[in-house]
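Next up: some structures, all given as structure tokens.
Both of the next two complexes hold chain A, though its partner changes from chain B to chain C.
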Partner chain A sequence: MSNQRQASSASQVPHLSPAELSYLYTSLSLPKSSIRPDGRSPTQFRPLTAETNILPGTNGSARVGFADGTQAIVGVKAEVEKTVLSNETVDARSEFGISEDRGEQEGSAAVGGHGSWVQMSIEIPGFRDDDALPVFLSEMMRESLVGAVGSAEASDMTGGLKGRLVINKRWHWRLYIDVLLLSQPLSYPLPLLSLTTHLALLSTKLPKLKSQGEEDPFFDDDWAVAEYLYPRVSLSSAKHSARSPFVRPPVTLLVISVGENIIFDPNREEIAVADAVLAISITRDSEAGNLKLLSIRTVDPPSRLTQPGIPNSENVNMLGAVASTEDVAVLNPATGEEEVPGVWRPRRGGVKRSVIAEMVKTVLKKGGVGEEVLEGLEGVEVS
Partner chain B sequence: MPLDTSTTYPLTKLRLDGRRWNELRLLQAQISTNPASSGSSYLSMGNTAIMCSVHGPAEGRRGDASGAGGSAGAIVDVEVNVAGFAGVDRKRRAGGSDKQSSRIATTLRSAFQSHLHTYLYPHSTISIHVSVLSADGSLLAAAINACTLALVDAGIPMPGLLCGCTAGMSGSASTPRDPRHDELDPLLDLSLPEEQELPVLTVGTTTSVPVGENNMDDEEGDMKVAVLTMDSKLHYTYIETMLAVGMDGCNQIRELLEGVIKGSSRA
Partner chain C sequence: MMADRRRINGPPGGTRPAVFASNSQSGTGATTRAQRQRQPSELRKIFLKTGLIPTASGSSYLEFEPSASLAAARANPKSLIPPSSALKLACTVHGPKPLPRSAAFSPNLVLTTHVKYAPFAARRRKGHIRDSSERDLGVHLETALRGAIIAERWPKSGLDITITILEAEDDRWWGDAPDSHDASWGMMNVLAGCITAASAAIADAHIDCLDLVAGGVAALVSDESAGSSAAPKLMLDTDPAEHRSILSACVVGYMPARDEITELWLKGDSSKASLEDGDKRTGHEALIDGAVDAARGAHTVLAEAVRESLLSAVGQL
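Here is the complex of A and B:
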């Protein structure tokens, strides 16, 4: 039971003693200069290897492996499907004024696309596919995928991914994204799965449409002329601008806060002492190349489940052996709780607004973490 | 003209993908692909691609250890996962696993449970995880080969490499075989279209345990059939031919796998 609970939380909590947790927390929360156990800077990511187009039987695929041996493979398959406009929604609209908005959405699905056209499933060894972790993760990544609405003037990507899937009023593409995690989740798998999905979508191609307008769709059977789902930069235009001004699939970054510090791509030990764990989804969706924040989700921090340390003043074995002045409770500026330095207390979650604002700023600013990640992924050769 | 083996093969003596009856598909394999597991492998036979990782031998979960088998030797635990994107059409599986993958898992478990020297690791579990990335026939045979490689990589002792291969006949073969004029050829290593159309048999063989001194001059080495499954209907007079072809295929695969294992230690 406890095993289940841990698994549904941010990650399996490593076996660290309260003293170790406290040490880790103190070094990570050092003002302005956190010291991470693996020596990375706060915004530095773990090294990874990536390749795309590894499965010839899919529309797009990618494999990403972190140095610690966790690997994920994503395959994207697309199918043509008839667009069904349900009569129910039309009825509902006329009967209840309240559901007007929903009815409007359904009715315009033929033009703007519909979120249910993208399906995502995650396979994690040791978990059933209806367990909490895979379901939560897939929904978290799917919602940012379909939520991205392009504001670009570019004809293809208006309406974001959903709009791209529309063929004509009666037909549309349905996208199946299958994620396989090949190893046990050593750390919270969200960054790995999100990066892999991003790469797979970048390499996804759809056959070129030969029919026009409202005809039944008919495709060119030459795979060499197939078009990318997310249009790629042509070599000539890439020379003009350093970064690509095109719509890109979203990336979800895992960020933790420890004290006042913000730490990106945390490993398992770092998550175990985090005050708050946030999943931030960003995308690039306009010609200007600005990043856009899609969603912020909080993830249940596993530090809630850790064992507390006992200060000497409350320890029966230490009674009288210690001077009362040695441990005086001080107010932790980050959490507003009274704490004895060096004694671990389980975090209760919660994060200050200023910290969240700082996180978003670090991700979105020019030359910030978000841009760095997207550029790094762009650099992976899509053959 | 329909493109299937039973109509085109007698005319051309070539199969749908251009192979002759006794040719294997291109086999590529790699071991130690995943540093996070005790042993891992990647194997592709034609368009069938499989990744396999082995964890253990390790202490089993508390619930499993109470079983009677646990005290005598290691328990082999196999999980097979056919990815949604493996086939031509994306397949939605309801719940956890489908019939095909659980059958492969059961066959692999019983094959390796008796094949490995499990008595060396009492009270422990060897868990094997097989992911099918792309399915194009001979799934069980490819899974056996991938598991063997991963188990070798994990350093788990076994008497010899367990290799699997499929064999079929180039027609429905429902009437007794006429030895004077044989019109059906046996086929080696079937792909998915062939597997769906023709009778097919999966055979897995291993070499015998080297015991005694005069084993060395036995140059061919005894082959033992360790796995044999067949789902389709076929007249029994053809079985022997198919088995012989399948075992010959296993021999070829064994040489290829040995090459992979020896090649990877050099690097």
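Here is the complex of A and C:
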């Protein structure tokens, strides 16, 4: 347990020997043509099964399962909540800046929405909910979710998700996103959890509002007319279709660099030899239609915690058995460290700026991985 | 004669003192928003000193220069409310020390980081139990430092890094109500300070590192006062209290000797950055470069502080 918590930021360190790690690293870092253990191309994702609306008690839900048996369920629940307003001088306050120790919930929050209205909790077996990994993952996913601000002209989704949660000046929706990882985290669970959350939010419906303006909210009890939290393209009326003001929930992609190669959706073994691990959140830009970067975070690569291999020249058991010329340290261009080929060394140091730029470019470019993922998710039947 | 002994309770919801709009309008010092007096690429001064806590194997104390408006308000107070705040934090390093018997074998130094706001650090009181943002900061700090420490030189050992934030940065100007751009921008400045202070404390504890990691922040800022159509500009070492809206910000942990980033945290919309003509970089690249420049600035202070502590240690011998 304590070991798990120490390695929490990068999931568990897999129990691979230095020789295995070195073999993996060499095959993944082959110039221009990395060979992955499961035969995927560098940008290919693991095959997955997905279904939505599986939990009848929620506003929206989804289940995604990878072929290796890891599964996640996400349930989205919405509650109506009173927006805390101290008195009627909302406008005066935002203009004159009156001292408020509880100012966070007031003022223009009534118009623009507030990030704390979206709550996210992640449950991972074997981890306490205050361990570093679940906290880090939920903060990462929540920050891109509430950070996605729509364009000003998009009617319903001004201010992105936060703006959508506003009912009127006195009432708002509070969204609870509960993520449940059903299996042990075999690999770093971020891609799985992010895809599942995306699907669950796509399928989330809020009851249709019957009251108008500043009345106390009153909803249509017919679930069939409920409106999607993220309006569907097909439902948006014809006059809107030219501009197609649709906002989509963000997706967080896990990208690693090994040598000079950039690899997406790493499995447990691949992430164990990564030089750098980045979590990149993207969404579709509602104005331009291309992809927009929401956030980047570095994730602590587990390769820093692995056990080093010992070259024969330093191994006491091999004393005299090998000529000292046999293993000569060469410079690894990707890390800038002296390494004996075929002998694993834990990674040190950080990541070059050029590598980060390259990673982001691969995600964002037209027809790149980001678009592919978003299109694939769009294709999942949301019933 | 029987006095009425019934207790008269206050209203259950709590009350707040009345503040009159005319009052806050006329008051000049307190309610005018703090303005950035520095150039876009000018950093705040940093005070950094190591070895202040004798019981720890390494320690440091870091302080950011208070902004011009804060300094003015302190010299000539017009209001009880300070216009902005300046980061102050203390970092202690305990170790390397043997891992407890119950812990599993580790071939490397096991790093644990704790970041804790003092209850009085921010305008709103923080509880004694670490909340999710503090844990999040701890993970970021761990990522930043683990890349720099040469961990295989201490197998089976642990290193505890504890940071207490005595005064935190604001997320926005205190008088502003949060708008759609509200996010915890102050946390990013705090993280940059944590990284710089922690590497000073690690150097003070004589733990081998590849380089001193310095933290730096850059942000894309749109100030509406400069005109409604003003495109967001890149600024280094932003104090969120001084800006009307921060569109996106980036914090890095950077090692100048290897030109490598150990920690990167970028958030917000960086696509609308207005750069100089001929600048081919995209918004996020410019942000990262800006944050690296800020980190380089912090690194000079860091190196100087470590050199100072070494010289004083040599002088004592």
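Keep in mind that, in the parts below, the second predicted complex is superposed on the first by the 340 of 383 C-alpha atoms of A that agree within 3 Å, B and C clash if a C-alpha of one lies under 4 Å from a C-alpha of the other, contacts with A are read in each partner's own complex, and residues count from 1 in each chain.
Everything below uses one rule, namely that a residue touches a chain if its C-beta (ideal position, glycine included) is under 8 Å from a C-beta of that chain, and two chains touch if they have at least 3 such contacts.
This structure is a prediction, so every number in the text was calculated from the model and none was measured.
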{"item": "Chain B versus chain C as contact partner of A:Ser144, first or second or both or neither", "value": "second"}
{"item": "Touched partner set for A:Thr58, first chain B, second chain C, both or neither", "value": "first"}
{"item": "Which of chain B and chain C A:Gln307 touches, first, second, both or neither", "value": "second"}
{"item": "First, second, both or neither for A:Thr298, with chain B first and chain C second", "value": "second"}
{"item": "Winner by number of chain A residues touched, once chain B and chain C are compared", "value": "C"}
{"item": "Which of chain B and chain C A:Asp130 touches, first, second, both or neither", "value": "both"}
{"item": "Contacts of A:Asp68 with chain B and chain C, given as first, second, both or neither", "value": "first"}
{"item": "Partner chain(s) touched by A:Tyr176 [first = chain B, second = chain C, both, neither]", "value": "first"}
{"item": "Touched partner set for A:Leu186, first chain B, second chain C, both or neither", "value": "first"}
{"item": "Touching partner for A:Glu79 - first (chain B), second (chain C), both, neither", "value": "first"}
{"item": "Chain C-contacting residues of chain A that also contact chain B", "value": "130"}
{"item": "Residues of chain C that touch chain A when the two form their complex", "value": "16, 19, 21, 24-25, 31, 33, 81, 100, 102-104, 106-108, 110-112, 123-124, 130, 132-133, 135-136, 138-140, 142-143, 146-148, 150-152, 173-183, 210, 253-255, 258-271, 284-285, 288-289, 292"}
{"item": "Residues of chain B that touch chain A when the two form their complex", "value": "34-37, 47, 49, 51, 53, 55, 79, 81, 83-90, 93, 95-96, 129, 131, 133-134"}
{"item": "Complex interface listing, chain A residues touching chain C", "value": "2-3, 6, 8-9, 86, 89, 92-94, 96-104, 106-109, 112-115, 130, 132, 135-136, 138-139, 143-144, 146-147, 149, 159-160, 162-163, 278, 285, 292-300, 304-308, 336, 346, 348-353, 356-357, 360"}
{"item": "List of chain A residues in touch with chain B within their complex", "value": "55-58, 61, 65, 68-71, 73, 75-77, 79, 121, 123, 125, 128-130, 176, 178, 180, 182-184, 186"}
